[in-house]
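The chains carry the letters A, B and C, assigned in the order they are written, with residues numbered from 1 in each.
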Amino acid sequence: MLITEMKQKDALLPHFSGKVFFLVCHGCKEVHFPEAEVEAFKAELMAADKLTGYLTTDYICNPENLTLRLAKHAQAIDDADVIAVFSCGVGVQTVAGMYPAKKVVACCDTYALPGFQGVTPLEYDCKQCGQCYLNLTGGICPITACSKSLINGQCGGAKNGMCEVDPNMECGWERIQRRLAQIGRLDALKCSVQLRNYATDDLVNQ
Amino acid sequence: MENYTKYALKDSDALTQLLREQDQIFVIACNKCFKEYTSDKNTELEKFLELANSLEKTITGVIRPDFLCNKTKAEGKLNQLIPQDSRCVFVLGCGLGIQTVADCVNLPVYAATDSLNYTGHHGMALTKKACDACAQCYLTATGGICPIVDCSKSLLNGQCGGAKNGKCEVSPDKDCAWEKIQQRLSAQGRLNEFLNLNVQLRDYSKVNYKVISEYVKAIRESRLDGYYGGVHPSEHKEFSEHQPLVRFADPQIAVIPMSQHLGAPASPTVQVGDYVTVGQKIGEPTAFISAPVHASISGTVIAIEDRPHASRGQCLAVVIESDGKNTLHESVQPHGDLNDLTAEQIVAIVRDAGIVGMGGAGFPTAVKLTPKTPVDTILLNGCECEPYLTADHKLLLAYGDEVIFGLQAILKATGAQKGVIVIEDNKPDAVELLQQKTAQYENIEVCVAKTKYPQGAEKMLIKRVTGRQVPSGGLPADVGVVVSNVATAKAISDAIQLGMPLIERIVSVTGEHIANPGNFIAKIGTSVQSLVDACGGITGSDVTVKAGGPMMGFVQSTLDTPIMKGSNGIIAVDSDATQEVACIQCGRCVDVCPMELKPLHFAKFADEGNWAGMKQQSVMDCIECRCCEYICSSKIPLIKKIKAGKAAVREMK
Amino acid sequence: MRITELFDKGQFVVTAEVGPPKGIDASHLVDEAKTYLSGITAVNVTDNQSSVMRMGSLPACVALKNAGLTPILQLTCRDRNRIALQSELLGAAMLGIDNILCLTGDHTKMGDHPQAKPVFDLDSVSLLHTVCQLEKGVDLGGNALLGEAPKFAKGAVVSPCSESVDAQLAKMERKVMAGAEYFQTQAVYEPEKFIEFMEKAKQFGKPVQLGIVIPKSAGMAKFMNNNVAGIHIPQEMIDELAADKEKAKAGITGVEIAARIIKECKPYCQGVHIMALGWESKVPEILKLAGI
């Protein structure tokens, strides 16, 4: 799941030479997007007579619907020197693909959140490593629950059971150890040395 | 659209090894997501069962949940579903589903599948690798082509030496991203911009997991805040919330529909040519669930005929031409002190005054006030959770005392001990005012609810305020609660204190396409056109007009409809042009449905005419709040399909 | 000389740790080591310790070796993927560096380049496994090495006083399984905890060197308690450091404490590893006081 944060205005303004069309994506609606900041920025540029038009809508990553929705803004986009897109990276690329001759400015940075389905980020994360380790770890993912994604056990960085990188995050391997003890599966730690395969995306890219 | 799947079965050697020492196996196979919803087949499950069978393993049961990772729904249920004799659980799901199960069940959990590596695949159907969420978007500098995902090395500063004939060294099928970037930038005349750029360095600390984990925590809490799901559409209250409440001129012609409520339409008690006065009954109820209708102006009945109706297309209406005198009917007499009235008398006054739920649904209030089971709590809904609308907000500010009086009358009529006025936190002035006004009443309090749609829906409101869950197919009274709108309470006050039946209400006329939005006290029967005209008319083209709010309101093809008892607003908003595509099981509808249904099945079943399936998925519990349709990434008109399903299920009975 | 040979002989092995400079002049490092550490068995050279960028461990090891000392190459998985780690190991072997200590490494966010990409392609366990593969004449990709295979004394680390001692023991077991031949521990301030740990670690049959960080002041002790993983300094020790500030400042208290811990733990371990953190000059004194 992706969320966005608006880039610093100072970083954006130099890109807005000439007139600008604002295309704002609500994201996946219930998934965070910087609504208030974008609205304020829009008002500012409107006051400065920089905008040829704007559209706030959802799912701009869907090119078919975006085409339908932008039909009535054709003139405004034509008049603009720059299309400013407030969305995740997918949305920006969709727009850039639709208007290859226009300068498209990516106005947000995109972050990933745990979970795929729905709109609520999950407690658990899955990095889609393609070689599920959960059988060895009592169902706690070492790739996402450990800051270093270690797969052979705890590092020396845990302090009071917390991670060295984030003292608010419990050490993943501490949790794994506890879970395995609980379910009587400490034998899982005796498995052979685990090595990651970083080429699992081959399967998907075929 | 490509058929995306999230997990693959581990190879049979690995599975055989996993299964070797296990028996009495319970199997959970997630129905997958981001996959075109066309078939219920799960080939991975079939293969797994085949293998387990060949190894002579006992399977104690198989379940196939939707969205296994939705822990709110998975936990609790899972342990109940697993038979006692199970000794382990095998999960076919992505890493999220497996972790959910491992966290929820007390048996050893085994992963029978690997998540496929779809890193970077985001967007509608995850069919294309498009965004790696690097938290430092480079797309401006690269002409909208992503150097992180499109370049095998994620290079930021230009092409490496590995491209051959414009193809990547890593996979010859793949275009070199930097070749494409070069072409795009040069076509746009922006090469210099790129050449003059500072050296780009990736900042791997930019993905701030602290911000993310705090956000995740906050958003998870807010989604379950008060009740499961719901949505937060842009509020747009700004158009009218600071406009004063103005009394609108009485109409010259009042068109008063006989059906402004749930249940049987009223039957006209006047004839063309009759002279009627303000507050005079012109239509009487024809069934237990029905309500009388009254004249809102004085004058002559000039027609009794079908007229355009905001939600029913056409409806029988009594049309009155004003004599401009506003003569009161003799029946309009104050009913005296509330203390002197019995519960039965209050109910009778409410019934005779034609009072119905003014939040939009229009359920006859007198029926609500005589519940079959005892109630202890009355909730007054002042949430106004629909975007744009500000009618109830204005009412609370202008008629706080009347609302409280109405609530006292309801308390007395129902014998409930406590009254709660629920107001969303986006109306702080109303909250403060009502808190002041209710301070002196021991049995009345104000509850401030965090804004979330559909807060005002009865079942959500009850869950939020009292924590009680209205059973499937049940009524609020089943859990000891009666819910009423604040405007309804004010109407009850008018009926008792002034003796005036329900002949006027507050309406917001608003939206980005209304020239001068405003809030008006309008007589029932006032034409929508006249209200819109008074607001300077509709601006721009390609406008959608709705009676009610954007979520549950009805699209209007004409402005030649009258204001009715439930008309809380007229909005003119941007039209949205979209096209329905196939469901991809993104799960968003399941995440937002406050009734905890799974609307994606309704879309499929309605198209197939599978009404039994719809019934089994509890379509009758749907409150038609439209959250699912609002969030749907495939733009499926779910409510239309749900309504068809409900009608079919009703006929099945 | 591989230090495992000394363990095999039953020798009590003393090592100390030095950090390469953030710069190109290693003369100070070499001088200090020559002056204060020439009496001990070997000297660990850290690998961008605490994720703070410095001169590489390998060249600093070579400088020490040229000065007549026995260096131990520390190798972390934070900054290099499996290709770089293996080539580094081959280079070390060519240069005659045959003692190594395999670590996962602190996270990049802990150091002075928090924006850097944390690699962790391998971890300490898989790194040990990789070293064993190289020793068999095969790389991790399964390709044969040309000519003679390298041979290392393969060390690893463990935190005996960690709150997560079970997880640490489990990891230690995996390290042994992957090929670790000796262990150096995180700093120990609680001999009773260490002894308890050693009772459990005995089963692995690998030599363990007691880790010592000289406590320089009460302030440093408190800081380590709050911030350094696997370290806990008891209150009495902090009081002891706070009692006579001048004495502590002169290093006398720290040396006394370190020597006392070594004395108490010596019967239970096979060596000591001193992390002097700049107080290399105190090492001879500690050893003298501890009776080594």
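Here, a residue touches a chain if its C-beta (ideal position, glycine included) is under 8 Å from a C-beta of that chain, and two chains touch if they have at least 3 such contacts.
Here the structure is a predicted model, which means the values were calculated and not measured.
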Count the C-beta contact pairs for B-C and for A-C, then tell me which is higher.
A-C
Can you identify the chain nearest the overall CA centroid, using each chain's own CA centroid?
A
Expressed in whole Å, how far the mean CA point of subunit A lies from that of subunit B is 26
Using mean CA coordinates as chain centres, what's the subunit B-subunit C distance in Å?
60
Could you give the separation in Å between the centres of subunit A and subunit C, each centre being the mean of its C-alpha atoms?
39
Contacts with two or more other chains occur in subunit B at residues 206
Could you list the positions in subunit A whose residues touch two or more of the other chains?
165
Multi-chain contacts in subunit C: which residues touch at least two other chains?
109, 118
Parts of subunit C lying in touch with subunit A, wherever the complex brings them together
103-104, 106-107, 109-110, 118, 120-126, 128-129, 140, 157-159, 162-164, 166-168, 170-171, 173-174, 177-178, 186, 227-230
In the complex, go through subunit B and note every residue touching subunit A.
6, 8, 10, 18, 33-34, 67, 69-71, 94-96, 98-103, 107-111, 113-119, 121-124, 126, 129-140, 143-146, 171, 184, 187-188, 190, 206-213, 215-216, 219-220, 223, 231-234, 541-542, 576-579, 581, 585-588, 590-592, 630-631, 633, 635
Provide the residue numbers of subunit B that touch subunit C in the complex, in ascending order.
201-206
Help me check something: in the complex, which residues belonging to subunit C touch subunit B?
108-109, 114-118
Of subunit A, residues touching subunit C in the complex
147-161, 164-165, 171, 173-174, 176-177, 181, 186, 189-190, 193-196, 198
